[in-house]
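First the structure, in the form of structure tokens, and then the observations on it.
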Amino acid sequence: MNDKPTAIPEGFDPLVEFGKPDTGVRRRLYTIIFEADTKAGRRFDLALVLLILVSIGVVVADSVPSIRQRHGSTMTMLEWGFTLLFSAEYIARLACVRHPWRYATSFFGIIDLLSVLPTYFALLVPEAAVFLDIRILRLLRIFRILKLTHYVAEYTMLARALRASGRKILVFLSAVLMAVLIFGTVMYVVEGPENGYTSIPMAMYWAIVTMTTVGYGDVVPHTTLGKMIASFMMLLGWGILAVPTGIVTAEMASLRMGRRLPTTRTCPACLSEGHEPEAKYCSDCGTALPRYQVD
Amino acid sequence: MNDKPTAIPEGFDPLVEFGKPDTGVRRRLYTIIFEADTKAGRRFDLALVLLILVSIGVVVADSVPSIRQRHGSTMTMLEWGFTLLFSAEYIARLACVRHPWRYATSFFGIIDLLSVLPTYFALLVPEAAVFLDIRILRLLRIFRILKLTHYVAEYTMLARALRASGRKILVFLSAVLMAVLIFGTVMYVVEGPENGYTSIPMAMYWAIVTMTTVGYGDVVPHTTLGKMIASFMMLLGWGILAVPTGIVTAEMASLRMGRRLPTTRTCPACLSEGHEPEAKYCSDCGTALPRYQVD
Amino acid sequence: MNDKPTAIPEGFDPLVEFGKPDTGVRRRLYTIIFEADTKAGRRFDLALVLLILVSIGVVVADSVPSIRQRHGSTMTMLEWGFTLLFSAEYIARLACVRHPWRYATSFFGIIDLLSVLPTYFALLVPEAAVFLDIRILRLLRIFRILKLTHYVAEYTMLARALRASGRKILVFLSAVLMAVLIFGTVMYVVEGPENGYTSIPMAMYWAIVTMTTVGYGDVVPHTTLGKMIASFMMLLGWGILAVPTGIVTAEMASLRMGRRLPTTRTCPACLSEGHEPEAKYCSDCGTALPRYQVD
Amino acid sequence: MNDKPTAIPEGFDPLVEFGKPDTGVRRRLYTIIFEADTKAGRRFDLALVLLILVSIGVVVADSVPSIRQRHGSTMTMLEWGFTLLFSAEYIARLACVRHPWRYATSFFGIIDLLSVLPTYFALLVPEAAVFLDIRILRLLRIFRILKLTHYVAEYTMLARALRASGRKILVFLSAVLMAVLIFGTVMYVVEGPENGYTSIPMAMYWAIVTMTTVGYGDVVPHTTLGKMIASFMMLLGWGILAVPTGIVTAEMASLRMGRRLPTTRTCPACLSEGHEPEAKYCSDCGTALPRYQVD
């Protein structure tokens, strides 16, 4: 009768996805690595997140010349330590699920692999080391540990607002790109290569820098006509700035209102929720509703 | 009885506007070129959009010095190829409608002509070639092929919000322009030509660059008083930024709410209106409602 | 009984304010200069607005060195012509109202005087000529000619939203100024005069340029700590940007809803307007209302 | 019966917090220093705020080299005068409350101490003097004197909107920081040290400067690929700008609506709620309503 427990989970459930072994060491390992509800699982996840944060710090610090000169070898050693630890974790993850291939091809599976590959790859091509930063994506796990149900609710609402506005924003972006191409071409003609507008792509780069109000100042109009066109474009861009803001805001305000309704009235006959404050009969079963009371 | 087909189309209908020939090759051509519902028509439109995108890419690439030096002659050849193709298409469009003049003077008719003229014109004045970028406007056709009813709905709503806010934004822009003139004049007096404010128009350019928060940095105040006035202007501009954003947002939020209410349902028993799309019984009298139909 | 006609007018009424002479030339002059409803009055106002626009154009053009060198004497002559015309108009305005002093001390009276003074004053101090730009404020008259009732309605609503949000924006601005002082002081200590932060006022100027996202780039942090503090400040300023926008938007949305209500239902007994869609009885006289019909 | 006085105060009440002496000089002192309702208290607070403003002005002015050279010794003397006055005030505050330790560890107690320490500390380390600016935080007292109930209401609402949106903004900021790290790393690899991206922290600084649309221009992309990535990032940042704005706006709009409904009126006859403040009769049963009282 009560079909609430069978509701499809919105988030990601490793249990359903990858399968949990029935017995033995693999089951124990699974409980530690994949489950966040048990004490051991929570400790493991916390240690993992701290390790990831420290390893990202090492990658970032290693890119600073003065630090690399003094602590270069320590950094390299630490980096190899992290890589081996994460590699071991990756193998353990693969080993303790029923469907390793499903894990390897899942979002986090790919991220986990990509977060160790650069170190090995850097043995061949040294520049690859900086891509160890991809580890930051692993931090998305953090939301799982902290059991931030509230945060997740906000996240879900943000995502819904963005998805609901997605189409409008796409239409809007396509209009912006057209404006960028047209203004870029016009400025390329008006200002010309001698003022820094060396090609249409360069002029489009300038148009984006200007319309987004970033305004580096590395390319600026020098002719009077160019300055007039640029001024017009800035005012246009400024007005346009209002559009995507308005889109998302209206969407979020509408979601908030939509979200508030379900918490109001419940039908005593069929237990359906979300009736309007002024409704007199249940819109699901037609039973007369008790008077609405503001609490 | 059913007056839905007679509903006035919001968009643009070539059938009504330009007239469809009754029989023969011209009718066949019309079906391919102007209609987007048939298989041939869809293929034609898709090929056209791809061609437009490639031809724009050629114009943009041709403006990059390093590419032009190496592939200059190929580019010119390609450009002539596109121009001849688009010219043929333009003539075919003129040929297969009943009222060629109406097409030639319509929005797309003018765009279609302008998108081939620069190449011919460039035989006389080489600089005109860059205006081939005007072809991008032809891409507005894309909305017709993809049958993006949803996108078009979003577009219509955006356009309505902008039109509804148009007057307010105009009033607002006139106030901004007054502020730009006044602040520009004051800064021209305070900073003077020796600090880059060589004339009032130049100072107004600076004021626009500053109030829109673009801030190139090619002209900046150097005197203490100038910096104080500029600081005040930035804070003012920042506060003002809220106004157009608020205008559009309030308009869109209001459209969203307005849009939801009028489209809803009427109870056949008590004639009460505004029932939620998912309601099964009238919330005013409890009568069962007929199924909700999205129109 | 009906006290609607006695409602205090929101706008400005010269008739009530300055007094209209009863007969003679002064009355005729008053009709032309101050009234915008008669044919002669409308023509006069239109001519005046065009004259103001042209005279502003002359002042702006005169500041461009290349134009001044070539057409300097023409400009000066034109300027004197406009000044004499506006002086004559100012004297005529003073002459044809009953209470000249009230006009002279009114908003437009002061603007009208200020818009001719700089030319005379420039005989003594040549730099004063640029302040002729103050004439632009006279253009506020334009709203009277065009009888833009809609524009004025939008203006009134904008002004109401700003006034309603005024206090919140003031509280917010005081918080921003505190942040500017604190961040400015910290950056003055961290970066010091050798990096361009020559004094606390200079560092506060930098803080305003950064928090408003203008970002000229004439003063930028050079030390690592300074860059970290600046980064934090930018993110803070970005988040803060949302606040005034939110304030005005919420205020406007709320005004819109308030404004929409009055257009809905009218009581058949007392003719009062603005009843809620779900009201059953008139909230002003208690008479039963006819059913609400969405139109 | 009347439980209004027992309502828990939202703000801060020194009476409850620190305790008021029963009799004697300490009670008199307490009335002057801590209470803002009495005449003496109001004068004291006003004098204090003026003193704080002047002393901040002295610190700021003292940092300008030209002023320090001419009036250096006067500034130092003034500074010592302010410090001794504020020290005396701090000791008086400690002396006249029942629980001095509670005051010393309260928010204003710490600020009061910090606002005099730098001068004494500057005897040892001269650079510490600039931190006297911390005195500005003492100005938060201003809200107490001016009895700006309205301002405080706005403040409370702003704070509630920010607190209500706090989680969403945090989630959003964490996403922004991830984007900054990823884009920073990519640009460090693409542009490299030779174009100013000397390390990943430096590239992250650039990413923040760009995403917040500040755009100093001290570090800009020079390679074609770098410019493309930067352009994409700017458009992304522009779209993202809409999110925090939307969050706060939706929250404030919702607070406004929430605030209006609960405060409205109930019909004594049919107990229906939500009548407009200006309604004279119940819109549900037509009964005359008692006069509306703003509380």
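For this structure, a couple of remarks:
Labels for the chains are A, B, C and D, by order of writing; each one numbers its residues from 1.
Here is the rule we use: contacts are C-beta pairs under 8 Å (C-beta built on N, C-alpha and C of every residue); 3 or more make two chains touch, one makes a residue touch a chain.
Keep in mind that this is a model prediction, so the values were computed, not measured.
Look at the CA centroids: the one farthest from the centroid of subunit C belongs to A.
At the interface between subunit C and subunit D, under half of the residue numbers involved are used by both copies, so each side presents largely different positions.
Two chain pairs, A-B and A-C, are weighed by contacting C-beta pairs, with A-B ahead.
As a whole-number value, the distance joining the C-alpha centres of subunit A and subunit C reads 42 Å. Spacing of subunit A relative to subunit B, judged by their CA centroids, is 29 angstrom. Residue positions of subunit D with contacts to 2 or more other chains are 201, 204, 213-217, 241, 245, 247, 249, 253. Residues of subunit A touching subunit B in their complex: 167-168, 170-172, 178, 181-182, 185, 188-189, 193, 198-201, 204, 210, 213-217, 220, 224, 227-228, 230-231, 234-235, 237-239, 241-243, 245-247, 249-250, 253-254, 275-276, 278-288. Of all residues in subunit C, those touching subunit B in their complex are 56, 59-60, 63-65, 127, 130-131, 133-134, 136-137, 139, 150-151, 154-155, 157-158, 161-162, 169, 173, 176, 201-202, 204-205, 208-209, 212-218, 241, 244-245, 247-249, 251-253, 255-257, 260, 291, 294. The residues of subunit A lying in touch with subunit C in their complex are 213-217, 245, 249, 253, 278.
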